[in-house]
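Here the chain labels run A, B, C and D in written order, and each chain numbers its own residues starting at 1.
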Amino acid sequence: MAELTYREAVAAGIAQEMRRDDNVVFLGEDIGAAGGVFKATVGLFEEFGPRRVRDTPISEQAILGAAMGAAMTGLKPIAEIMFSDFLAVCWDIVANEMAKMRYMTDGQVTMPVVIRTANGAGSRFGAQHSQAVENWAMAVPGLKVIAPAFPADVKGLIAAAVRDPDPVLVFEQKSLYAFKGEVPDGEVVDELGKAKVLRQGKDCTIVALALMVHRALAAAEILEKEHGISCTVVDVRSLVPLDTVTILAEVAKTGRLVTIEENPRLCGWGAEIASIVADEIFWDLDGPIIRITTPHLPLPAADYLEDNTIPSVERIVREIRERID
Amino acid sequence: MAELTYREAVAAGIAQEMRRDDNVVFLGEDIGAAGGVFKATVGLFEEFGPRRVRDTPISEQAILGAAMGAAMTGLKPIAEIMFSDFLAVCWDIVANEMAKMRYMTDGQVTMPVVIRTANGAGSRFGAQHSQAVENWAMAVPGLKVIAPAFPADVKGLIAAAVRDPDPVLVFEQKSLYAFKGEVPDGEVVDELGKAKVLRQGKDCTIVALALMVHRALAAAEILEKEHGISCTVVDVRSLVPLDTVTILAEVAKTGRLVTIEENPRLCGWGAEIASIVADEIFWDLDGPIIRITTPHLPLPAADYLEDNTIPSVERIVREIRERID
Amino acid sequence: MNQKSKETVALGHDIRLELYKLQLELRYCEKRAYDLFLQNLIKGTSHLSLGQEAIAAGFGVAMRPDDYTFCTYRGHAHTLARGASMEGVLGELMGRECGLLGGKGGSMHLTDVSKGAMGSYAIIGAHLPVAAGAAWSAQYRGTEQVAVCFFGDGTTNIGAFHEALNFSVIWKLPVIFVCENNLYMEYTPIGSVTAVEHPAADRAAAYNLEKVVVDGNDADEVYRTAAKYMARAREGGGPALIECMTYRHSGHSRADPGQYRPPGELDRWLERDPLKIYRERLLGLGIVEATLIDLEGEAMRKVDAATETAKASPAPGLDGIHKNVWADGGAAWRN
Amino acid sequence: MNQKSKETVALGHDIRLELYKLQLELRYCEKRAYDLFLQNLIKGTSHLSLGQEAIAAGFGVAMRPDDYTFCTYRGHAHTLARGASMEGVLGELMGRECGLLGGKGGSMHLTDVSKGAMGSYAIIGAHLPVAAGAAWSAQYRGTEQVAVCFFGDGTTNIGAFHEALNFSVIWKLPVIFVCENNLYMEYTPIGSVTAVEHPAADRAAAYNLEKVVVDGNDADEVYRTAAKYMARAREGGGPALIECMTYRHSGHSRADPGQYRPPGELDRWLERDPLKIYRERLLGLGIVEATLIDLEGEAMRKVDAATETAKASPAPGLDGIHKNVWADGGAAWRN
């Protein structure tokens, strides 16, 4: 076991796969010589050289188009889109091309491509550089979507994404890049589509993702210690495929579901999970389903405003205290 | 009262507003001299001329960027994006620029822009020309979203959209363009944010949108006549603002909610409504919430396959019969 | 017409007959598609290449079997030109089980990966960067394959065109971008919405590329140009942007009678019909008419046979709906 | 440097002093922003224009009060150059109530509609078509306003650039596209990812525009060029694309020490510092140094005063979070 930061785990995951398979290539803006604007890819250019780690112009459609064409013809590209907000400038390639090509050709084409992108708030970058948009990708059939919360998951899920033959979007939480955690030594390969139960409780089941997992754990701690409310915490990790088996089982046990979502409310992943629970284990529910999300608005930039917009530990504690007995 | 087709109602709504206000302008691909590829804008070029009805190059980012810049400086542009799937090529302008500019500038900028687009399946056009993507827009704070099902609503809601000072996306169902219905004579102006109860029942409340409203009504008829199941049918009409007052009241009355969504399942608008219902009127529910959606896959092209993919009247009848007692 | 790449190298009769045969097949098959549409056997949309066959044929004959083709919704001809089965194409248009894509893609998405036909793309511009990616892969793997990417004049005004061109040049990718300038987008003349006369060629310099405009109705000229720039790309000389002047004889899609075109324009172009030109040229070169008539009959029989096979094919099975979202063959998004 | 638009028309002392004064204010204010960042009073990111002031100043002085400015995340200078309040700018960087945007936009989105500063856009390329739209509106309303759109060298490789340029030309819109070529994107040299030497000017011909490259560190040259093309645009002559050669003295953003730049490069550009050049020129023109020292003191006092006002401003009220999503002032998405 070594302690790595989340950003180091990104580089470690990519490096592990590039060492294993010469067909894995990596492209994006400032990812090479500069090591990435979040320093999440430091060392890759030095180790693998400019043939496999390629800096690109500011041409996101070309970046993802090139990754797609390469994936269809034998390579396994990893493409970086610097901020997830920028997926909007190349959304056609993601949502209409990569996601649909295999289906439209009835399986003639395989699309082993990985898109990594820095997602989420907390850096005071304002509304165009802070969005949590994993639900944009979840809404598009043909895309797999992961959002790790811990360095070990980062490494293992990136490796799994690279080995997966379908398009996978990896949403890295930019305010977690400095977070440190234990990562097993040697080859680490995780599995897509598996949620993790991080804490077991009796009163309600909190389902969270990425940064919100950390806040959910902190809130659960306070709820337990200070208010005698005992919560299960599930880290969803993978939105597509979605581990409904784990989620449904954990919600059924406590009878209550609370989702903690960084996305603005409407059509978030939590809505999808809420609708599955309200259909499939309705009779196991002991009370309303609660969604704690960022309000449905663009994010403000100033630190004080931003901190009061995305779900905080205090808000999670308060809302659960008020609504779960 | 005159009988108009859905496509004629589009042109009538635009014409009404262009006559009223000289600052309303209209731009898009092949909308002018050709009257639109769906013939939904026939006559506008002739009436208002090339200064106000402008054909553009195939440059969707420029079309919407131009509409945005014009909206910020005194005009009221209506922009057509030919197929809603193409929103992906200009999604940045929609989701990151138009939607956020007013908030980011704390109200300095007003954005009275309308984007009309042909949405949905039924034309055997395949996965890149048939998507129902109203949930893409619903997920972005700062956008208003409507999807009319009847010619009268088309005319009245387009007029309301043009008069609204915020960005409004109008999703026109392309397989309804030939549908005929009564439209009041004279000026018609509807209101955004109002659902309509089209039928009252006792056993369950069906909430539907656009083409699915027609199928819900047909299914409700069959369920009533042949199976003795009586359904309320609510036409959502406006996703943002969302008329939760009407929806919650109608679901509370029957105790059951069924959403009928043309979108592929994950993160559809029905999930959002399901989550609101499962939170706010949980104790009024008599059984599971049911979502009937297109399966989560890209759409197949062949008629026989397409017809068996989006929710059909038969499937709606069958699922409600099996699950509502 | 500014025919910078006109070459005078003589082509052998074998290549010429191949070019004629292929143009015939493309022409007859497209006409058949139109008939089947009139008979209501083709349900979705379809975009024909009638009048533009010389381009697909010229490139098709010049390409190596392992080269890659990327085309648009107007891609029947380009897909057939790589050797995709005709019943597969007609079957797909009719939504039959024998269709290239099992009915799931339809007319706008014809693909035959086994022949290097890497897909037809229905959203303007998207396939240009994708073709660059396939070229990158060929370069990386050292295979000397070339990617050829076809698109229309209207496509030159969308962002992806610009990004793909710059990207391909700086990475020196073996990709040939082929603009089929048929003077119109859907119903709007390209000249009315473009800042330059030649929407592709007049922009070549913006990517440090040569300006190349050819007569797209002359299969020989297309073939020679294709062969020249593909050879250069194979040797590491990087991309090319070739604008082929042509005209579509039919409307934009099956729904379009083409009434926005000025009177007489179509007639003038019909005089320059690539098949007519080519037949006359072959006769002028001393090939006996019987040979041509044989080829014509052969092509027609091929189209007839393909039509019958496709018509006899059943509707695709409903189980296909849930197949091939993922590489595991399925569509599951949950466990 | 290919300075096609170099003109020799003499500028009056009044304009020259205005240009100097504005450059001083931009320089001192940007330096102050950097100091405030080091003091941890600015929390988010910020992108300084140190070294590029001559461009914002040259255009700022040439513009009519009702003209429109569109700028990028590197937009402090352009916003100030239109007359936006300095405490509003510094307050916004510090996330204070007195900020131009009440703390909601931050450094990357400075806007002052009352001064024609129509926003700062943080996603590369998006504001080019938006500026075209404002120009369209001016043309439609017949106001003879001009829209000026600033962007970097790296922005020339994104699709929106291409779409906006073609669109503006065919509609003959009164919009001036100003590329500030500072040789770098974030950390990557523009030359390494662009097919032509001048990323903007070498592409002008693709839009039927004139090639214009100017010394972006010479405020006079920028002013003259701005005045010339804006006058033409006002008269209906359509858009222009102007590439200004310049260099940023600091890193890309506050987090960047700029170590990717070859040794000596910065020093060479510091010798061509626009303020240094301009001061020497004014002295050479016979303006007494005391006048300049006065201006310098005045500018510094203005920055000091703005800093104090901004520092004294409280954090914005939390109620602002739920304000101004919609034109009704609120954020309700339901009834």
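A few comments on the model shown:
Note that in this section a residue touches a chain if its C-beta (ideal position, glycine included) is under 8 Å from a C-beta of that chain, and two chains touch if they have at least 3 such contacts.
Everything numeric in this text was worked out from a predicted model, so none of it was measured.
Among the other chains, the CA centroid farthest from that of chain C is the one of D.
Chain pairs B-D and B-C differ in how many C-beta pairs are in contact, and the one with more is B-D. Inter-chain spacing, taken between the CA centroids of chain A and chain B, is 30 Å. One inter-chain figure worth recording: chain B and chain D are separated by 40 Å, centre to centre, where each centre is the mean of the chain's CA atoms.
Inter-chain spacing, taken between the CA centroids of chain C and chain D, is 45 Å. Averaged Cα coordinates give chain B a centre that lies 36 Å from the centre of chain C.
Of all residues in chain A, those touching 2 or more other chains are 56-57, 59-61, 85-86, 88-89, 92, 96, 103-104, 126-128, 141-142, 240, 265-266, 296-298, 300-301, listed in ascending order. Shown for chain D are the residues that touch two or more other chains, namely 101, 104-105, 109, 121, 123, 125-126, 157-160, 163, 166-167, 170, 192-194, 320, 325, 331, 333. Those residues of chain D that touch chain B in the complex are listed here as 68, 70, 101-102, 104-105, 109, 111-114, 118-119, 121, 123, 125-138, 140-141, 147, 159-160, 163-164, 166-167, 170-171, 320, 323-329, 331-335.
In the complex of the two chains, the chain A residues touching chain C come out as 25, 51, 54, 56-57, 59-75, 77, 92-93, 96-97, 101-112, 141-142, 165-166, 193, 240-245.
Those residues of chain A lying in contact with chain B across their complex are 85-86, 88-89, 91-92, 94-96, 99-100, 103-104, 126-128, 135-136, 138-142, 240, 263-272, 274-275, 277-280, 282-283, 285, 287-291, 296-298, 300-301.
Note for the complex: chain C touches chain D at residues 157-163, 165-167, 169-170, 192-196, 202-203, 205-209. On chain C, the positions that touch chain B within their shared complex are 43-45, 95-96, 99, 101, 103-109, 121-126, 154-155, 157-160, 185-188, 192-194, 260, 315-316, 318, 320-322, 325, 331, 333.
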